[in-house]
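Next come two complexes, and both contain chain A; in the first it sits with chain B, in the second with chain C.
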Partner chain A sequence: MNRFETAKDLPAMVRPAVVDLLFRMADDELIIGHRNSEWTGHAPILEEDIAFSSMAQDEMGHARAYYEMLHELGEADPDTLAFGRKPRQYRCASLVSLPKGDWAFSVVRQFLYDTSESVRLAALSESTFVPLAQLARKLRGEEKYHLMHGRSWVARLGSATEESRKRMQTALATCYPHALGLFEPTEADEPVAQYGIGLRERELKAQWESAVVPGLQAGGLSVADNVLPVYGGRVGRHPAALTELLDGMQLVYNIDPTAKW
Partner chain B sequence: MTEAVWTALRTVTDPEIPVLTVVDMGIISGVRITESGVAVDVTPTFSACPAVALIREQIVEAVSAACGCEVIVRIVYDPPWTTERMTEEGRRKLKEFGVAPPSKACVGDRINAAVKASTTWSLEHIPCPFCDSKETELESIFGPTLCRSIHYCRGCQQSFEHFKPVE
Partner chain C sequence: MTDTQWQVYEVFHQQARGEAHVHVGCVHAPDAEMALLMAKEQYARRQACVNLWVVPVSAITATKYEDDDMFERATDKSYRESWGYKTPKTTHAGSGQDGDVHL
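== the complex of A and B ==
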């Protein structure tokens, strides 16, 4: 299969699909990063304050790397993409938009999300779009630590006390349909697969499920059969929580978008 | 000329770990002399590291002062930074500073990929930088900066930091 060394080498047929894919990944990272930063100063213990703050920092850094790649592909500059769009223009899945909830909710969400990211980045490490493959390999090494964190807490909290088990199971029941929405099929699927940019969403979903189930079992947690996915995020239909989040996140930027920092 | 660039780079230190130079850390992945000046490639330890912007500025400053020409710094992800890139000198200085150098346990194929991804084994029993005991425990995967984890030594009963390994 042909390899594409730079943004300029991407054929016009696949370009919009790569742009769509990058927006989905960048927006997921930006929004879950913002949600995780809401634990800064509020987590139940100091180590977790540091953990969620560090993961937020990683995720925002990764979002910036994707926005920079989008800029190379002719989109606006990274700040404008992060702060200057209307809610409908974001392409994040509903999972990342939901309010941070209790700590069990954030732990479960992070575990489901990080596992999806690990299968996505593994696939993209083999991408024919060389800059994306290089970036994916880099980010994989960093995300490893998020997965370690998520898996160890799912195992611990799932089997600690009656209260913790109940909270984890409730969080899982709420998160799971939204987590399935991470793999909402889009028009980009076929071109992405045909040009060897990445895998189809349904293929990623199958890999994700086989990685998620053992992690949940380690904490004695289970998912009901035939859960229906919550779709819409990938085409700009979001829960009201995203609008509220963006109102806060964009407030200062919108006062003067041309201000120099 | 190339040697002058490397000499200048050996004066630029990591703002978060001031005993380490960018050369010790192994983040310089390329130096090229071009018609218009000098091009330096930097492969960051962690992509979201907030120190990268400052390191870039300091490289421009040091190298342009040494060479009197235009300096362009590119942030690259290929080759990616890995534990192996840190020099022996860098590992020694880091330990003297009180931060355990990145564990080499995660490098190689001794443990299968599934285990590698799923457990904290690569962060267990990190030798204490103060007393060299391996009777240490992982306290937190995340530390004061993205590249550091926190551990506790049962030998000398002190907490210490460890530079996280990256494959």
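== the complex of A and C ==
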């Protein structure tokens, strides 16, 4: 299969699909990073406060890298993409928009999300779009830690006390339909697969499910059969929580979008 | 009041392969695996790191400060001090750098 060394080498047929894919990944990272940063100063213990905040920064760093790649592909600069768009222009899945909930909710969400990210990055490491393959390989190290972190918390809280188990199971039941929405099929699926940019969403979802189940089982947690996915995020239909989040996140930026920092 | 804190693990950080693991601080954690996860973000996020050790503080046997006079030298023992010759800086070959003994 042809390899595309730079953004300029991408054929016009696949370009919009790559842009769409990058917006989905970038927006997921930005919004979950912001949500997780809401734990800064509030996490259950000091060490975890620092660890979770640091991981939130990692996610925002990943978002920045994807926005920079989008800029290479002709989109606006990273700050404008992160802060200068309306809610309907974001392409994040509903999972990342939901309020941070209790600690169990944020832990379960992070675990489900990080597992999807690791599956996605593994596939993109083999991408025919060389800059994306290089970036994916670079991000996998941080992602490895995020996944270890998530698995450890899920295994422990899932089986610690009756209350922790109940909270984890409740969080899982709430999160799972939204986590399935991470793999909402889009029009980009076929071009992305045909040009070897990445895998189809349904293929990623299958890999994700086989990675998620053992992690949940380690905590004695289970998912009901035939859960219906929550779709819409990939086409700009979001829960109201995203608008509230963006109102806060964009507040300072919107006072003077041209300000130099 | 009962102590609700998790146990303390001392953290040792290695900057490059072959270098000594250096004590950098401690973390609270329920078990060794979580201690490593916490140590990574507390002590390895601002500097190079290739390896971390965590050791439960209960595993450490220490001298008593009230006995610190046993370390004093009653007579001149400067002949024991090592200086004036080169020794490898690291415990294992690998860094390629030699330096004076620091002890």
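Here, the second predicted complex is superposed on the first by the 261 of 261 C-alpha atoms of A that agree within 3 Å, B and C clash if a C-alpha of one lies under 4 Å from a C-alpha of the other, contacts with A are read in each partner's own complex, and residues count from 1 in each chain.
By definition in this document, contacts are C-beta pairs under 8 Å (C-beta built on N, C-alpha and C of every residue); 3 or more make two chains touch, one makes a residue touch a chain.
Since we're looking at a predicted model, the values are computed, not measured.
After superposition onto chain A, partners chain B and chain C are found to clash with each other.
When the two structures are aligned on the shared chain, A:147 is found in touch with chain B, with no touch to chain C.
When the two complexes are overlaid on their common chain A, residue A:156 makes contact with chain C while staying clear of chain B. Of the two partner chains, neither chain B nor chain C is touched by A:13. Once the two complexes are laid over each other on the shared chain, residue contacts for A:62 go to chain B alone; chain C is not touched. With both structures placed on the common chain, the touch criterion links A:50 to chain B and to chain C. Between chain B and chain C, B touches the greater number of residues of chain A.
Using the contact criterion defined above for the overlaid structures, shared-chain residue A:137 touches chain B, although it does not reach chain C. Within the superposed three-chain model, A:118 lies in touch with chain B and out of touch with chain C [touch as defined at top].
Shared contact residues on chain A (touching chain B in one structure, chain C in the other): 47, 50-51, 54-55, 145, 148-149, 152.
Across the complex, chain C meets chain A through its residues 6, 27-30, 33-34, 37-38, 40-42, 45.
Against chain C, the residues of chain A that register as touching in their complex are 45-48, 50-51, 54-55, 145, 148-149, 152, 156.
Touching chain B in their complex are the following residues of chain A: 47, 50-51, 53-55, 57-62, 64-65, 118, 134-135, 137-139, 141-142, 144-145, 147-149, 151-152, 215.
For chain B in complex with chain A, the touching residues are 46-50, 76-78, 80, 82, 117-120, 123, 139-144, 146, 150, 164, 166-167.
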